[in-house]
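A, B and C are the chain letters, set down in written order, and residue numbers restart from 1 in every chain.
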Amino acid sequence: MSLSDLLKLILDLLFSPWLFVPLIFPGLITVFLLILFIIWFERKIAAKVQLRYGPLYVLKQLGGAIQLVADLLRYLFAEPIVPEQTDKLAFVLGPIFLFAVSYIPSITIPVSSSFYAIRSDIGLLISLGLLTFGPAIVLVIGWASNNKFSLIGGLREGYLTMAYEIPLFISALSMAALYGTMDLVEMVEAQSGWTWGIILNPLAAITFLILSFMSTSRFPFEIVEAESEIVMGPFTEYSGILYGLTMGASYVKFYVLCLLFSIMFLGGWQPVPSFLSWSPVLPGVILLIKSLVIMVFGVFLRSVYPRYRIDQALKMGWHMILPLSIGSVFLSLGLIVLGVVP
Amino acid sequence: MSEERTIELLIGPQHPSSGHMRLYAEVDGDIVVRLKPNIGYVHRTVEKLAETKKYIQIIPLVERPSLADAANHNLGYVLALEKLLGVEAPPRAQYLRTILAEMNRIHSHFYGLGIHGIMLGSSTVFMWGFADREIMIEMAQRLTGARLTYSYIIPGGVRRDLPLGFEEEMEKALRYIERRLEDYGKIFLRNPVTRARLEGVGVLKKEDAIRLGIVGPNLRASGVPYDVRKVQPYCAYPEIEFDVAVREEGDSMARVLVRVEEIRQSMRIIRQALKKIPDGPILAENYLKMIPPKWKEFMEKKGRVKFPAIMVNLRPPKGEAFSRVEAARGELVYYIISDGGTTPYRFRMVTPSFRNVVLFEHLIRECRVADIPAIYGSLDYFPPEADR
Amino acid sequence: MKRGSTPIGRLINHLEAIETGIKYLFIPRMTVKYPEEIMELPEGYRGMIKYKKELCISCSLCAQICPANAMKMYLDESELKKEGGQAKPKRRPGINYTRCIFCGFCVDICPTGALEHVGIHDVAFDSFEAQLFKPKDFEEGPPKVEFERPPKRLRPKMDPKRGIVYEPAD
């Protein structure tokens, strides 16, 4: 085998869907690059609203764009201190599992009609189900840190799961009922033309958006890591690269939920002109841009809202959002009965 | 197996939002059963230090405990000292003192608003509060020469006169602050999240406020219209009209709204004072006589005052004096006993934050953990001022 | 304030808050990029102090009034060597900048005007001893600063729409 044959084999292997999607897009490398971008962007947008500059000096011409690379290097070289009285195995493995579990659901996301790693009849259920592992690991982290503030923070994450988990599933399943399938590829193909999910069932879109803010500590629901009450919540005792992982984990979960939002409500990779549909590049870029818009909005809310109290968030989840989600199910059923189904 | 339901949380000095004090909380789940404040971390023995310094040297000393509100502390001390000495400042100096005191009230309230915002989680209000404070600090810098520790008020008058162009710039600054208060209302005061956090939280009833001896905006938010500037007016306040901001509910939201209303009233006072200010000297007559005549031209041209040499060794006659001032956080009391020497025999300073400490234990009871920063910020408690 | 009690009122308050946030995305910033841009201090700023030896009459009032005990009177060595100790030697003030609080009492009390404020406040020293100015250093005043890249000087002005506006001070 000559060198060019070997190179061709490797490139084929790399670009095959079941390796490309988990590793490159929308998988690991995109996740890292996106965290580097979105945290910087959050700080810049909050700074612009607050009439100041934010990160500026790391690469001055671009406005401090690679500030997060500098931060990541600092975390890599800082000493990860493991206190003596903690449960050491759980303490060290916790953030690693948290990051991994937040990123794994991205392998179920299809990039275009023919480019996907996993396709199954219950794709939506798989990705949402994989997302539910996170809070359990946060509880373990909160207990293993041997710190009262971490304990309170971990318990808050457990409580909050009660509030957002059920309405999230109900809103997602109402869209599944509307499209008649739980397969993510078929959901996108059902939104051809301009009948996007958000126009058909805006109730489900709004509740899914608010619930994705609630589940990933976006303001006004930044309750788990409430800095002025419980010093960083379950992540108080972490330093070094473990702290970097915990900070990134919630953004990764938010990214996956935004991808799901764009697939279910914003038409996924539509509208793709038919002469370009053989290549996965353009649909992938369109999907990424749509989810970036939602992420930017979610991150902008940091500069507008304070944070809710835990019992107010729970009350909102049960008294207001759960009835709205159930209402969205009825809306979907009504649309099916009236024959507006695409 | 012991029946312990509560855990002890030490919200100690190394906490992102505890200030320079420790809050010892007993928490049962999410409900705070009891909270005791533990103050004294910033005690710097100001009262004892004052017994070793001469009277004029106590002026910078007395400003340092409450840095956010230095001019009112300075004013209170000098009013007590003037009673001992038996001098009175001329009318122009009284108006200048009033203007500086009200400017100080405005930027102290912005400080309190900003700290409260960051405790609730809104970093926007924090940054805006400190940015708007810069306007007033810049104007104070033009008037006195320093940004925060003015040392501007001396027994007998003030040290400098209004610079050129002060009135126009002040008018522009006040108009800007009025526009900004609208934006604060939209993004913070009427924000449903803020209202959910602050309304009905930490309610202080009128009888309790009077019984516990609370002072300042905390008292006025519970329905008691007590303001030292109206009860026992000093400086130029008898000739200026303004309203006392009062609200009836007594919860945290009422305290924040009383402070915002006080900012508006302070702006009204500054505008009236700048219009009504009379011409004349800025230092009392018996001190002006002691300055050599060659300095009179310099003083008129530059608008500054040269201290007469007697200021170094002021010797008030034997006696005691007592003065009350409305600082930004409440009523401030000074009591000086002089025995005829150059240093006071006894110097007593009762700060408003010290009188409000009892509210920590009284209000933060049977409420949730997340209410601790909400109530703490609304009390506008400044630990160095309470510890002196 | 009564608008927030109904759900519709709350929704309007939410939208108003978000709209204010978006409005502020387009308002220019208010900060100064120190140290590439410096603010010009107004005339009469209480900064570091310069001492004029020829006007001083050695009354030592400045050292007596200093609240932080930063001014100290030193015996003038050149006169000691000259006179041989016959007449009373003069004392000159020296300042300890680690203690000075820039209150300006010494400048205001000097009966001959020998002390004067210079409009500089942000000078860095290499060692602790460099901040203890003897009378000889005190005459020279605060150290002169040399810049590799001279900073832009800005002057603050009030503006009713934007608060403080910084204009180039040239």
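The working rule: a residue touches a chain if its C-beta (ideal position, glycine included) is under 8 Å from a C-beta of that chain, and two chains touch if they have at least 3 such contacts.
If you're wondering where the values come from, they're calculated on a predicted model, not measured in any experiment.
Novice: So which has more C-beta pairs touching, A-B or B-C?
Specialist: B-C
Novice: Taking each chain's centre as the average of its Cα atoms, which is closest to the average over all protein Cα atoms shown?
Specialist: Taking the mean of C-alpha atoms per chain, the most central one is B.
Novice: In whole angstrom, how far does the Cα centroid of chain A sit from the Cα centroid of chain C?
Specialist: 50
Novice: What whole-Å value do you get for the distance between chain B and chain C if each is reduced to the mean of its CA atoms?
Specialist: Between these chains, centre-to-centre, one finds 24 Å.
Novice: Mind checking the centre-to-centre distance between chain A and chain B? Centres are C-alpha means, answer in whole Å.
Specialist: The mean C-alpha positions of chain A and chain B differ by 47 Å.
Novice: Going by the touch rule set out above, which residues of chain A reach two or more other chains?
Specialist: Within chain A, the residues that touch at least two other chains are 49-52, 303-305.
Novice: Can you list every residue of chain C that touches 2 or more other chains, as numbers and ranges?
Specialist: 17, 20-21, 24, 30 - these are the residues of chain C that touch more than one other chain.
Novice: Touching two or more other chains, which residues of chain B qualify?
Specialist: 124, 131, 187, 191
Novice: Quick check on the complex: what are the chain B residues that touch chain A?
Specialist: Residues in contact with chain A: 7-9, 15-17, 27, 30, 117-124, 127-128, 131, 187-188, 191, 193-194, 196-197, 368-373.
Novice: Please name which positions on chain C make contact with chain A in the complex.
Specialist: 17-18, 20-21, 24-25, 27, 29-31, 33
Novice: Applying the document's contact rule, which stretches of chain C touch chain B when the two form their complex?
Specialist: Where chain C meets chain B, its residues are 1, 3-4, 10, 13-14, 16-17, 19-21, 24, 30, 41-46, 59, 61, 64-68, 101-105, 108-109, 111, 113, 117, 156-164.
Novice: What residues of chain A sit close enough to touch chain B in their complex?
Specialist: 46, 49-52, 148-149, 151-152, 219-220, 222, 226-231, 302-312
Novice: Per the contact definition, I'd like the list of chain A residues that touch chain C in the complex.
Specialist: Answer in residue numbers: 45, 48-53, 56, 300-301, 303-305.
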